[in-house]
Each structure stands twice: as structure tokens, then as C-alpha cells.
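For clarity, chains are labelled A, B, C and D in written order, and residue numbers in each chain start from 1.
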């Protein structure tokens, strides 16, 4: 089946949910779920490549292609999309159809980003996912949603501007060199922009992606957006949207500028190490549960940077694994945060405590995901962090040494999270997991265990073939 | 001779326009505006743009100004409209416009009697205009029609709202 | 054959336009402002006609016609607005109608 | 299925127990059966391994992860060292589980407790069975997790939570060093399989990177085994239930560091400087902890410091190259320290969870069975013949003398301290005036049975060194010094705490003694040092930077925009004529510009 249908189905599904809601939220949720399941089925049946003409005058084509990396991320996206819909089942009662429209369109944009082999299309989808996300935060968010939504929008949009300028310049360079307009990834890959120019262009791409990742000085939108977004939005944001930035750093940047990346790798490694430490430190400082998780995401994304720019096979595998595992673990933690907020009507950890007594199952699962976040061996995140750190160590031992301090800081925040919410004197009773919530988290537990104990089949499949480690280790 | 006619008409136009912007009474201003438009129309005639001159008189000085008048009546003339109307009919108010119109009429008479010629070399008749309009400028006509439609809808909508205050 | 110099006609057009502009900027009554606008339109039309006549081309008149339609549409909308404003604010003084005024957020 | 069963059964059984316990809602009877049974079965399988002909077994299940030249299998490796560890872990572990069925009865977290205990046994067996360092690390972190869970078992009290977190984080510091060491080994040797690593070390003798690797791995061991300078977490870890203290914080987990160093002893043989450092660290820790144990007023904390001190002995042994002796001591220590903790548990239970020595005394007559068990435990601890501790400690001391008399002196000093604080505990708990009537829960038959079994092991365990000890010829006087100072310690303890307690009261009045007492009670001030050095600044930084200072430039941008907005605000006055003027002027300027250009 044509790959265009993959995002296309979600776009249509969104519209269907909107129209089909007719005053009953459940109907919209069901439609969204069906659309996602259908897309998931389709993802496994799709063909590898679809090329359709779009704007021939500028050599722009609807060129979608799917390899292992894309497919893994597509599956992750759809999987977390389903989780997001399930977490919204109760939470979103107002204008549920519109909510699902935005959710599905965001996911469609994300799928487009993961599949696009044409940089114009890539950028188109990049923008497509930002705007509905803005509305998700703006309309269904919590108390500070307006500010958070605008912050999110401005940061990612400015990042997008850099990205767009870089893409355009690259296309123009191609035009100047060959006389043909092309935005095709392969065409642009095969072109040599010259080292100096390539450096600037790489910087443009990197800024766009690093904002989304987010890397440390550009991360400021994330804590607020996460905190204010509705649970489903947070799940998508942490689980999938950040991965688009990582995907860019993982595939596009090293693919387009292999030489420049090698030259700039130490800087990126340093950035990664800083992100790991700063994110972990800031996570510990937070009182707001969702902010805490958001900062932990920043820390985890630092591992991705560290892994990719190590330039070793181990590092790259670690980065891919971190992406997948963090997608699952962060999504789960946000889902839990949503559940807690629904029960306690607060995200303030100072008001939490002693929930274990009345909700031991929720507590155990929170503990599980917190342990995943701190990188307990046997769970997916460990494999990612271990390989990423190993990869970095082989290249820059000192950077790895500094980043390894993150291993110490991670339990500080992760355990604080569990202890401040579930341990201590019980202050209030709450209902334990419902069946729906239990199932939802149970699936995520299984996923993390599989990723953690059998990472090889996943990694062998998911690692992009077109990545060439520039350090032979 | 013709050039004198132009200066005279131009003089009328400037005088009338100056009076338009200095009147305090809107109706008076409107009447001077009509005179100003007529004077411009006469200039058009002198320039050989007969068709435009006609349009100027019919559409501008005619239709558009009538529209203004309608609105003025709607706005300003309520219950005491009758008194105002009587006031308007006082002859001294009509001296100025009548004089300027007389000048224009005189000029027209000179032209009509053939004592002078407009500038035949440059005359562009309605046929040429029509051919151009439906030829190269077809798109512009479409645009204009759309503009008018928009104006129509807009005007309708704006006056419609009036009936639902607070909407 | 003594022709009117183009510059003189354009001068007339400029004078009319300036008068209209002056009216627009000095009058506070919306009706007067609309009238001044008409004057300005007319002045612009005059310039077109003059230029068209100078070269013996139909284009000038065509543009005059376009301006005419524009003026007609503008008057329709403008007067509608005038009615509406009068209805809402009980005044046509545009200095009093300043809803667009930005205040400190 | 062939006998003995495959090695993976040993961790798999308790793991299955953990899964059953954590997923199914069970009756407390079923919980006890599953919890104890899984460990019992694992013990049987281990026994079959131990009794099997002593060959090295290497089994590999499947690849865990791989990348380029790195391949990490789920591999199991079993030799004499592993067998010893397995015996201790599953054997003592089984006994402690059995004891816990009674000790923890009625606890609301009964299921949670046994689940975590089973998970612990699974992780610990993985740790000792792993054939590569990463798989070992899995077990290593797993036991750390269980330690965290069980210290914080009684989660209502935030102090327990703090202790649990402290334990996890401090050991994690060591773990991070371990990971880095592991990376370094991989970097230089290209493998993480332990046997491959050790085989490939020879050409690198004395190279500086090997020293660094040795240091980093030692860091991991120090954290897990609570040695100087990472010893601070263990005394606080006593916040957990007593069986946990016995199993995790005395018998098994804390000895993981010893296991690691013993496992990697060929590496340390190649870097004598680092090995000497291990010995020094052990010696220092042993004295430091011995002093602290001497002044503790909390029974369990005293035992915790004693554990640190005894592990110091093991490190000393490792440092002088007597790794077999260290493992021997590890085994006997597991027996007698488990015995001591479990006996203490009975005492504590009888006194309604009273752990303060001040409230104890004269319990000899009320709890005679426990008294004898405790006494045997302390005899073994003080290394008095014929108890088990004597043999293992002598083996270490003899070798230490051979290597360096200085180190031997440290060991002898430690032996004196050990005997002193050991008998101090006996005297203060079981002798003297009766202060609290032990009307709490009496030990059940099962518990007593466990105590008796462990007493037996503590008595005769020393006759069966698990690994062949190196022959050492030491002067007779030196050999006699060990038991000699222990007897001296017994005498002094009896004098100070039984015969002439007033002497001690006299000392208390000296300001210097009071300060020393306080200092030792706080574990040589390491807690406050680390608090001031790391914890406090970190927390302060967090508090200050909660809002993220990186927001400042962006907030500045926003502020600039706002100022600009305020400045331009008057231009938006809503007046049509003003706007029209603006437009007119704009057009005029544009035209003027066009004309000029």
C-alpha cells in the first residue's frame, strides 16, 4: 500500500473524529483509536517507497521511504498514539472530536517527518505537527497553558526557521551546481556543499533539531509545554515529538554533512554531556511532577546526542535504543502523572505522599518506570545509555567520564519522584489503577522489558543502514 | 481657445473642491462635490475621453452622490427633517453652486456650438475602450466585478447588522 | 493646435488630490472623510485619463473605470459603516470612535 | 533434563518466585511457601552444583546486546569461587527467608517483602554467575535496587526512605566508577568476558591504564561493600527489617565488592600499587569502623559498623593477595553475621522493636536460647577458636604479616577492637541489670531452628575452607597474637562493661572522650562532611535554580519586546485621522525617496 496513506489515514481519521463526535466524547475517542489501529496495521503492510509528483517546477516530490529506523519510529509513534488516546479517554470530555483531530494531525505530521525522503516534504510535516500541538496545549492544557503554548510555538518555530533556511540554501546550492532543483534527500546527500558552507548549513539544521530534541540552552520550552499539556499531549510530546529532533540529529545531519559532523562531533558530545547533567540536576530541583519528568527527558535526550556523535557503532545503537526506550518510559511517566493529577488535582509534589497505601499497584508501576528512567539494567533505557556512553567513551573518554556523573544524578531525581509521591505518611486515599490504566501501563512495562532484555533484534532492525560510523570500534 | 476652457474648468473644479472640504453642512458640501465632479467630467471631455466623461457624470455625480444623499438623509434628517429641508431650499445657498454650474454650462455651450474643438488627435472613443476592456483587460473586469460583489455583500452585511444590536 | 500640456492636467490632478487629502486629514466627520476620499479617487482618475489621452490609448480610461468601480464599492461599504457607526456610537466623529486604541496589557 | 540442572535455573527460580509474588494476590501462607520455596529450590540446585565434580562450567544462553565488536551474552560461569558464593547466597538466603516467614508475619507488606527478597536472591546469583562484566552489572544494580526497596520497606517513615535513597545513591557512585572501569577494559582489551579479559591482561603488566582500570573497579567494590570512603550508607541501611540487614547488608550484597575483586584478582596481581591500596583501604576501614562500632548505642547500627569492619578484613586479605582467605572469611562472616543479626532481631522483637542498647540488659535469663546463639556469633566474630571466624581471620592475618607487618598490625588492632565491641554487645544486652522486660513476641520454633543451624555453621564452618588456601609459614608468636588480642579484648570488655562499669562513667566525663565518643558515633563525621560537600551544595543549587536561569536571556528578550511595545503604544491611539496621516506621510516619504534615488 502506498506510504502516503499512513499519515493520510490519520489526517482523515482526525477529520472523522471531529465530525463524528456529535456531542459524545467517547465516539471521537473510538474513531481516533480505530484510525490509529488501522494505521498501525497499514504500517506493517506498507511498501518501502512511494514517489508521487507534487511541485515539479521546484523538483519537489511526495517522496516517502521507509527503512528499519523509520518503521521502528513509525511503530513507536502509532503505539504511543494509541496510548495517548487511551489516556485521554476520561480526561478529555470537552470538544473531544477537536482534540482528537489535533492529536491525530500531530501524529500524522510526525509520521511524515519520519518517512519523508524529500526535505521539502520533511519541513512541511515538521510544521504540520507543531501547529496542532500548539492547539492541544492552548485549549486542553492546564492553568498556564497560553504562555506554555506560545513558548512552545515560538521556540520550535524559530528553530524551524533555521531549518527551513538551511534546507532552502541546500536546495539552491544543488541548483547552482547541477542546474536542477531538487529537495530530495538522496540528491542533496550526493552533493558536496563544500566544507565551509556545509558547516554553516549543518549548524542551521542542528539548531532546528536541537530545539526540538531539546539540547540544553534551547530546552526552555519543554518543561512548560510538558507541564501544561493535557496528558495525551504530554505523552505525544515526550514520546514522539522529541524523537523527531533526535531523528534529525540521527539521520539527516550525519547523512547530509558527514565530514562536518566529524569535525564538530566533540562540540556535540560536550552538548550531550551538559544536557545529561543539567537535565538530571534540574529534574531534581522541581516540585512539579510533570516538570520533573520533563527535565528528565532533557537528560535522556542528552544520551542520544552523546551516542550519535560518538560516531561509533555502539554509540549509534545506544542512541537509537535510547530514543525508543525513552519514548516508552517517558510516555508512561507522563501517563502516570496524568493519572495522579486526575486523582489528586495537583501536580505539586509537596502535596503528594503516602499514596502507596491506597494505590500500591500504581506505586509499583511508577517505581518501575522511575527505575527505567534511572537506567536500571534489564530495562530498555539501560541498554541505550550503556551503549551510548560506551560509544562516547571509546572516542572521548573525558566527556564520557563527565556524562557518567549523570548515572549518579539520575537516581537522585527518579527515586525522589517515587518517594515523594508514594512513600511517607498517607495523607489521602485514592483509587488504585483501573483496568484500562493497568492494561495501558502493563503494555508499556512489557515493551520496556523486551527492549531491555532482547535489544538486539530491535536494534539490528532499527539501525539505519545509511549511517556509517566514522570511528571503527 | 480650448486651453482656456480647460483652465476655466480646472478653476471651477478647484474652487468647488475647496468649498467641499470647508463646508460645515454635509448637504452643502455634497452639492459642491457634485459641481467638482462635473467640472472634472468636463475636463475629461476636453481631453477627448467622452466615455469617461459620461461615466463621471452618470456614475459619480449621479449614482454615488445620490447614495451619499440617501445616507445623509437617513442619518441627519429625523423628525425635524422638514425644517431642515425648508432651510435647504433657501435661495442664497444655491448661488455658489449655480454660478459654478453656469460657468461649466457656458463652457459646454462653447464646445457644443463648435467654437472650439476638443483635442481630436487624442480622442479615444468608447469603442476602443470597450475592445480593450473585453480583450486584454478581461481579467481586470472580472476583478472589478468581484470587487463590486464584495462591496455589495459588505454593504448588505453591514446594514444588516444594524437590526441586531449587540451582534 | 494648442493642446493642454500634460503637466498642467497632472497639476490639476495633484491639486485636487491634495485638497482631498487635506479634507481627509482635517475633517472629523466620517461623511466628510468619505467625500474627501471621493475627491482623491477622482483626482487619481483624472491623472489616468490625462495620461491615456496624451498617448491616445484606451488604458487610461479603463483604469478610470476600475477606479470608478472601486469608488462605488468603497462608498457602498463606507456608507454602510457610517450607518453602523452612527447606530452604535451615536456619533460620526471619528476622533471619538477609537476602539482600536491599544491599552497597556 | 540433565543433572545438575543448567546454571540459569539458579537465578530463574527466585525470579519466578518474584514474578508470582508480585503479580498474584496470594494468601500469606502461599506467600511464605513461594517466597521460601523458590529460594530453597535454588539452594538445592546450587547444592547440586557444589557437590558436582569441581569443574569449571561455562554456559551461555543467548546474546543480550551487541554492537560492532561488542557482544554481551547472558552467560553463566561457575567455578569454585562462584560455588562458594552460591552456597552462601542460597544457603544463608534460604535460612533467612525461613526466619522471615515468622519474623515478618503480620506485616502489611508481607508479599512485597518476599517479592523483593526473592528478586534479591535472583539478582545476587546473577551477579556471581555472570561470565561477563555487563551481565554482572545487571545483577549488581539489581541487588542495589532490592536493597533500596527493602531498606525503605516501611515506607511511612520518611527517614527510612532517606536511608534507602542514600544507600542507592552512594553505591551508585561506586557503580558509575565500575561502569567506567568496564569501558576502559573494553577499550583496551576489546572484550568484557571476564575470562577473556583476564587471559589477555598479561602483556599490559604495570601499564598505567591498567592501574586506572583497577582503581575504577575498586571504586565499584568500595561502594557496594561500604568501604572507606563510601561506607556512609550502611549504618543508615539498618532502617530496613532485620532479616534484610542480615541477608543483604551483612551476608551477601555488601560482599559483592569482595567477590568482584576476588574474581578479578589476576588483574590486581598485575598492578601491585593498586592492590596495596586495596589492603590499605581495608585496613583503614577496619579500624575506623571498629571504633565506631565500639560506641554505638543502637544494636543494629553497631552490627552494621561491625560488618563494615569485617569487610575491611576481607579487603585487607584481597590486598595482600590472599583472595581465597578473603572469600573464606566472607563465608564465615556470612554465617556468624547473619546469626548475630537474626539473634538481634529476636531480641528486638521481644522488646517491641526497641533497638537501643540503653534499654537492654540482663536478657540472658529471659532469652537463654538467643543468648547462646548470640554468644556463639560473637565468639566467631571475635575470631576465638574454635569458632569459624578464627580460621578465616587467621588466614588473612598470616598472609598480611608475610606481605607487610604494618598491615598485619592494622589487622591485629582491628581484631582487638572486634573482640571489644563484640563482647560489649553481649555484655550490654544480656548481662547487667534488667531494664526492659521482654514481653514482646517470643521467637517461634522456625526462627530458633534457623538460629541453631546458623550457630552450628558459625562453629564448624571454619573447618571447611571452600578454596584451597595458600600455605603460609608464619612465626608461632604471630599466629598466636590473633587469638591473644581477642582474649585480651574479651577481658577488657568484661572489665569495662561488666566488672567495673564506673570506670567508663569516669571516662565519659572527660571532654576529650565525649568528643571522641560523639565523633565515632557519627562515623568519623563522614556524613556531615559529605552533606556539606555534596548534598548541601547540590540542594542549594537546585533550590536557587529551580526556575532555570537559562530562561533569563529569553525572558530578557520578552522584556525588551514589552518595553518596545510600551514605547510604541501611544501610536496606536485608535484615531482614523492619525492613521491616515501616517499613511500619507509614509507615501510622501517613499515618493520623495524614489525621486531622490
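Everything that follows uses one rule, which is that a contact is a pair of C-beta atoms (placed from the backbone, for glycine too) under 8 Å apart; a residue touches a chain by one contact, two chains touch by 3 or more.
The structure presented is a predicted model; accordingly, all values stated were derived computationally and were not measured.
Enquirer: Centroid from C-alpha atoms only, then distance chain B to chain D, rounded to Å. What do you get?
Expert: Result: the chain centres lie 101 Å from each other.
Enquirer: Taking each chain's centre as the mean of its CA atoms, how far is chain A from chain C in angstrom?
Expert: Taking the average C-alpha coordinate of chain A and of chain C, the gap between them is 57 Å.
Enquirer: Just the number, please: Cα centre separation of chain C and chain D in whole Å.
Expert: 90
Enquirer: For chain B and chain C, what's the span in angstrom between their mean Cα positions?
Expert: 12
Enquirer: By residue number and range, which residues of chain C touch two or more other chains?
Expert: Answer for chain C, listing residues that touch two or more other chains: 26.
Enquirer: Make each chain a node and each touching pair an edge, then name the shape: line, ring, star, complete, other.
Expert: Graph shape, chains as nodes and touching pairs as edges: a line.
Enquirer: For this structure, give each pair of chains that are touching.
Expert: A-D, B-C, C-D
Enquirer: Quick check on the complex: what are the chain C residues that touch chain B?
Expert: 1-4, 8-9, 12, 15-16, 19-20, 22-23, 26-27, 29, 31-32, 34-36, 38-39, 42, 45-46, 49-50, 52-62, 64-66, 68-77, 79-84, 86-88, 92
Enquirer: Could you list, by residue number, the parts of chain D that touch chain C in their complex?
Expert: Chain D reaches chain C through residues 566, 569, 572-577, 580-581, 584.
Enquirer: In the complex formed with chain D, which residues of chain A make contact?
Expert: 216-217, 219-220, 223, 281-282, 284-287, 312-314, 317-318, 354, 356-357, 360, 364, 371, 376-378, 382-383, 386-387, 389-391, 393-394, 397, 400-401, 404-405, 407-408, 411-412, 415-416, 419, 422-426, 453, 455-456, 459, 469, 473
Enquirer: So in the complex, the part of chain C that touches chain D is made up of which residues?
Expert: For this pair, the touching residues of chain C are 21, 24-26, 28, 33, 94-95, 97-104.
Enquirer: Using the touch definition from the top, list the residues of chain B that touch chain C in their complex.
Expert: Of all residues in chain B, those touching chain C are 2-3, 6, 10, 13-14, 17-18, 20-21, 26, 29-30, 33, 36-37, 40, 43-44, 46-49, 51-52, 55-56, 59-60, 63-64, 67-68, 71-72, 74-75, 119, 121-124, 128-129, 131-133, 137, 140, 143-145, 147-148, 150-152, 154-159, 161-162, 165.
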